[in-house]
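What follows is a pair of complexes built around chain A, which joins chain B in one and chain C in the other.
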Partner chain A sequence: QKVSVEVLDHLEHLALVDFRDSEGVERLHKAIQFADQLHEVNTDGVEPMDSVLEDRWCLYLREDDVTEGNCTKELLENAREKVEEYFVAPPGNIPLPKLEERETFLQGS
Partner chain B sequence: AALNDGLRSQVSAALKEGRVAPTELCQRCLALIKSTKFLNAYITVAEETAMKQAEESEERYKRGQPLGILDGIPVAVKDNFNTAGIETTCASNMLKGYISPYNATVVQKLLDQGAVLLGKTNLDEFAMGSGSTDGVFGPVRNPWSYSKQYKEKSVPKSHSEESNWVITGGSSGGSAAAVSSFTCFAALGSDTGGSTRNPAAHCGVVGLKPTYGLISRHGLIPLVNSMDVPGILTRCVDDAAVLLGSLAGHDPKDSTTIQDDFEPFELPNLTDVSKLSIGIPKEYHAPGLSSEILALWSKAADLFKNAGAKVVEVSLPHTRYSIVCYHVLCTAEVASNMARFDGLEYGHRSDMKDSTESMYAATRREGFNDVVRGRILSGNYFLLKQNYEKYFVKAQKVRRLIANDFVKVFRSGVDILLTPTTLSDAAPYTEFIQEDNRTRSTQDDILTQAANMAGLPAINVPTALSKRGLPVGLQFIGRSFQEKQLLTVAKWFEKQVQFPMIQLEEVKRHDSGVFQHQKSASFS
Partner chain C sequence: LAPWVPVVGLEIHAQISSNSKLFSGSQVQFAAPPNSLVSFFDASLPGTLPVLNRRCVEAAVMTGLALNCSINKKSLFDRKHYFYADLPAGYQITQQRVPIAVNGCLSYSLCIDSKMSQMVTKTVRIKQIQLEQDSGKSLHDDTRSQTLVDLNRAGVGLMEVVMEPDMCCGEEAAAAVRELQLILQTLGSSQAVMAEGQLRVDANVSVHHPGEPYGVRTEVKNINSIRFLAKAIDYEIQRQIEELENGGTILNETRAFDSKLGCTVPMRDKEGKQDYRFMPEPNLPPLILYDTKSLPANMNHQQVINIDWIHERLPDLPSVKRKKLVEKYGILPEHSFTLLNEDGLAEFFESVVKRTQMKPKKVIGWILNDLLSYLKQHSLTVKESPVSSFLLGDLLNLLEKKEISSTAAKQVFAELWKGEGKTPLEIVKEQKLGLLQDQKELEQICQAVIDGQENEVIMMMLG
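Take a look at the complex of A and B:
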């Protein structure tokens, strides 16, 4: 079964990464086909495993004390666009253009 | 002292006794890195800072106050570990030019003990791959491609070495090549599906994957949070124990490290293996396993049997699903972990200014290669609401079954599992790239991946040379947090097989002391 264009578009939005070409989409189809083998395994009554350390390790909370910080300068050094102590981003709250309006390979499908 | 000396046994003593100076050792390694540049093992060589560290170490030795066994020892670190003041790229355009503001905990620990950080080693982009061929700085070449042993066995059909060279395996190929070619005494890699053990096998070095939770991942740029571990690459098992001793232990900055105290240990020289029970998992006789490696595996089992150990065939029935399970869990965690790369705070940033989202999309489009993008998209697919139970949760359930397989086997009295590490010896680069990354990883990870699923410690021990004159290794898998037992058995095996030393023209030219300890007997 092929993945619908709507879902492919939805994935590009969620991932903020593009399929680029038909090879990219084929890659996804192959990945799904491969993953489908999981359904051969009987997992009735089996609990999902989050961590191999589930028996040993209790996720602990430490005291809410500040132990480090004050490294604004170091943190800003790797950013390309900044103003004073702010990272600068282009305007937000503008959704990515819809499929019809975007220049994406998916338009042709 | 020679560049091929063992840490504990030889180099450390030589440094203490003043027979060699840290600065000399550092200079020799740096010179060798330069002359083996064609291997492309290093992305960044930190010459100045390394020499400075070596000088400081020298001062300490002069005062008779070395910090420990690692003081003055040149080491290399895979380029997915943060290193303060030194570029950390993950072999990706996304992080080109990124200078880490901090040291990963394991890096800090090495530096605190006086180790000399020579540089950052090459890898597959973001550690995704099993060849060390898919990074933006190009592929890493296996030093054995230039060895006398390989050249003697290769059919002279091609006139140049250019087309004949073989891959290192991956994704920690640069680290494995660096250790294998004597440019450092130890290197850090990472291991999520076999990324330390696989290149270790292909490059003829020891590759240790510690138990998940033993060594801190703080500062290791994450791939799969529930499986990643820092890996240790050395030329002998004793050295791996030394590195483990200096790196293991709880880190408050990584809440997935266990709280128990860790006691560094020296490995005993095991002479009596009669109390050992070695398990041979039949499912590891995987499709595609070369007859050569199968024979070697069998020979190794016999070695233990003849020495008095109990050798039993065991079953890990869900082995063939571990790759599928890994594929789903890995892509899902990758989709999450790669979300941080948006161009705002660090790394590559696109010139696109229309909106935040379009800037993120363009940045990621420009910064990630096909492999990374492919995994992100697959991962997001498996995490869609309509797929979550069907794929992600299902994979988590299968993971438990895989982990339980091991628990059952260890509970039945088996101490250590013995398996092959790879399906064959290293492939020529031209052959390797004919299949795509995902197919390759699927094939190559099959023998190493399950240990990551279950979080168990595992080690590759170089065993013998193949018909083509290339290294083949075997893998030992141990019980959780039983590294001492695992390494003790590995050390015994290492002693029995007497894996030959690589005969490299480059090294010969540079370091006449190198062939002092040539081992001529070999296992095969």
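Take a look at the complex of A and C:
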């Protein structure tokens, strides 16, 4: 089963990955095939597992004390652009070009 | 024309009242220098991990119990993915599969008529309560075509309360939210001040004809007060009805409420249907809660949350407080609503009742008519009242002992309002408002009046 071009485009939008060329898409198909093997196991009536540690892993609860923060300068060192002490971002999400508009989609496919 | 049935559901986000954030130790505080209350985890720097704050869990359990929910002894955390500049991790940690509390209900009351004399009780089902992270704040600078991001709010604990679509109009939604607000404030789990973003409400609105399936719903956001909540919902209901009656269709979209124009408008581009790619949060195992029966023997107390222990220590909820006020003082149910609706008013009332011999049923009139209207006129809170409960108590005693008339009492009250530090007795003496009790003195005055108006008296006696 091949994945449609619309679905590939949708995936690229969701995960910001770039399948780039037919080799990339083929790798995706192989990955899906590999994961589909899970369907061969009958899981009727079996609870999904969250962790291999199961009941032995207790969620640690922290006391409600202020122990962090106050490191504005350090955090802003990572920012390419800043205004006073704010991070600067583009005005909104920059939309990826729509499927019809993309010249380079699946180059070499 | 067939009647329309509006259907209203609510999604409410309440900021948890805690010292530190849900998964990190940075401080929770309104209005601090930008990015000063941000830890490495909040900024989503690599190598950081979430650590759950015990206080936030307790707040959610308290709220779930107060809303008659079943508390899930095992609940799970998930990641909800979307891209936005104020969400540095690219996902929000929430509880999508199994939230901490489910299947509750909230009772609220409405006035049937505008005179506040008849109240009716309604209930709305609570679908669930989940713990989740708040995002940072984006300040849009359109002139420079950029967004400024402050992460102080990123990671603050939220309780999302989902109310089923059991409401039918803005008034019901407003009353339900108001009652929820009072409950949260009574519990202390959230200060729930809408103006400070501690309580955010989104409304889901649709209309249909009776007997037909539910219509397409829209989501209304950007509602900043309870008053606007009612307006936004009622506008949207009308808009949908008009659209459908004109042969149009309703889009399943998100709309923003414009408070200046009093209408809802479609929100900026929502690229098709969002796919959040929910997945279990791999860094957090299930949250396990206990009750007295299931309490483990050998665990560190600090690591154990006992639902029964929390239940036993819940304070009286607003509905219980109102009932007690009505039973203890013989006031009307609608009075108890007004008393609880103003911060500090119930305590003020009880304090005056203690201080005076006047019956509570009479005192309540002074509190709700005189005191409250003065406070409203001058936009003051009960705490800021220039007339203390002691002064009012003394004034009512003078009235009760018939040392002044009720007209005089209102005059004294107006004088007390100036806050010049005079006692009621001093004002009565100053303005000679005291009632005369001496029979002889009264006779003398009446005689003097009659003597001074001989002609009028003769005219009267002649008929």
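Everything that follows uses one rule, which is that the second predicted complex is superposed on the first by the 98 of 109 C-alpha atoms of A that agree within 3 Å, B and C clash if a C-alpha of one lies under 4 Å from a C-alpha of the other, contacts with A are read in each partner's own complex, and residues count from 1 in each chain.
Following the convention adopted for this analysis, a residue touches a chain if its C-beta (ideal position, glycine included) is under 8 Å from a C-beta of that chain, and two chains touch if they have at least 3 such contacts.
Fair warning: this is a prediction, and the values are worked out from it, not measured in the lab.
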Contacts of A:Glu84 with chain B and chain C, given as first, second, both or neither: second
Which of chain B and chain C A:Asp18 touches, first, second, both or neither: first
A:Gln37 touches, of chain B and chain C: first, second, both or neither? first
Chain B versus chain C as contact partner of A:Val3, first or second or both or neither: first
First, second, both or neither for A:Val52, with chain B first and chain C second: first
Greater residue coverage of chain A in the superposed arrangement, chain B or chain C: B
Partner chain in contact with A:Val66 - chain B first, chain C second, else both or neither: second
Residues of chain A at both interfaces, chain B in one complex, chain C in the other: 10, 14-16, 50-51, 53, 57, 59-60, 62, 71, 75, 78, 87, 89-92, 95
Chain A residues within the chain C interface of the complex: 10, 13-16, 50-51, 53, 57-72, 75-76, 78, 83-93, 95
Of all residues in chain C, those that touch chain A in their complex: 18-20, 24-27, 33-41, 43, 45, 51-57, 76, 81, 83-85, 138-142, 145-151, 268-269, 271, 275, 277, 280, 282, 284-288, 302-303, 305
Residue numbers on chain A that touch chain B, as the complex places them: 3, 7, 10-12, 14-20, 23-24, 27-28, 30-32, 34-35, 37-41, 43, 46-53, 56-57, 59-60, 62, 71, 74-75, 77-81, 87, 89-92, 94-96
Touch list for chain B against partner chain A, complex: 98-99, 101-102, 212-213, 226, 252, 255-256, 258-259, 318, 321, 324-325, 327-328, 331, 335, 342-347, 349, 352-361, 364-365, 368, 370, 373-374, 376-378, 380-382, 384, 390-391, 393-401, 403, 436, 438, 442, 453-455, 480
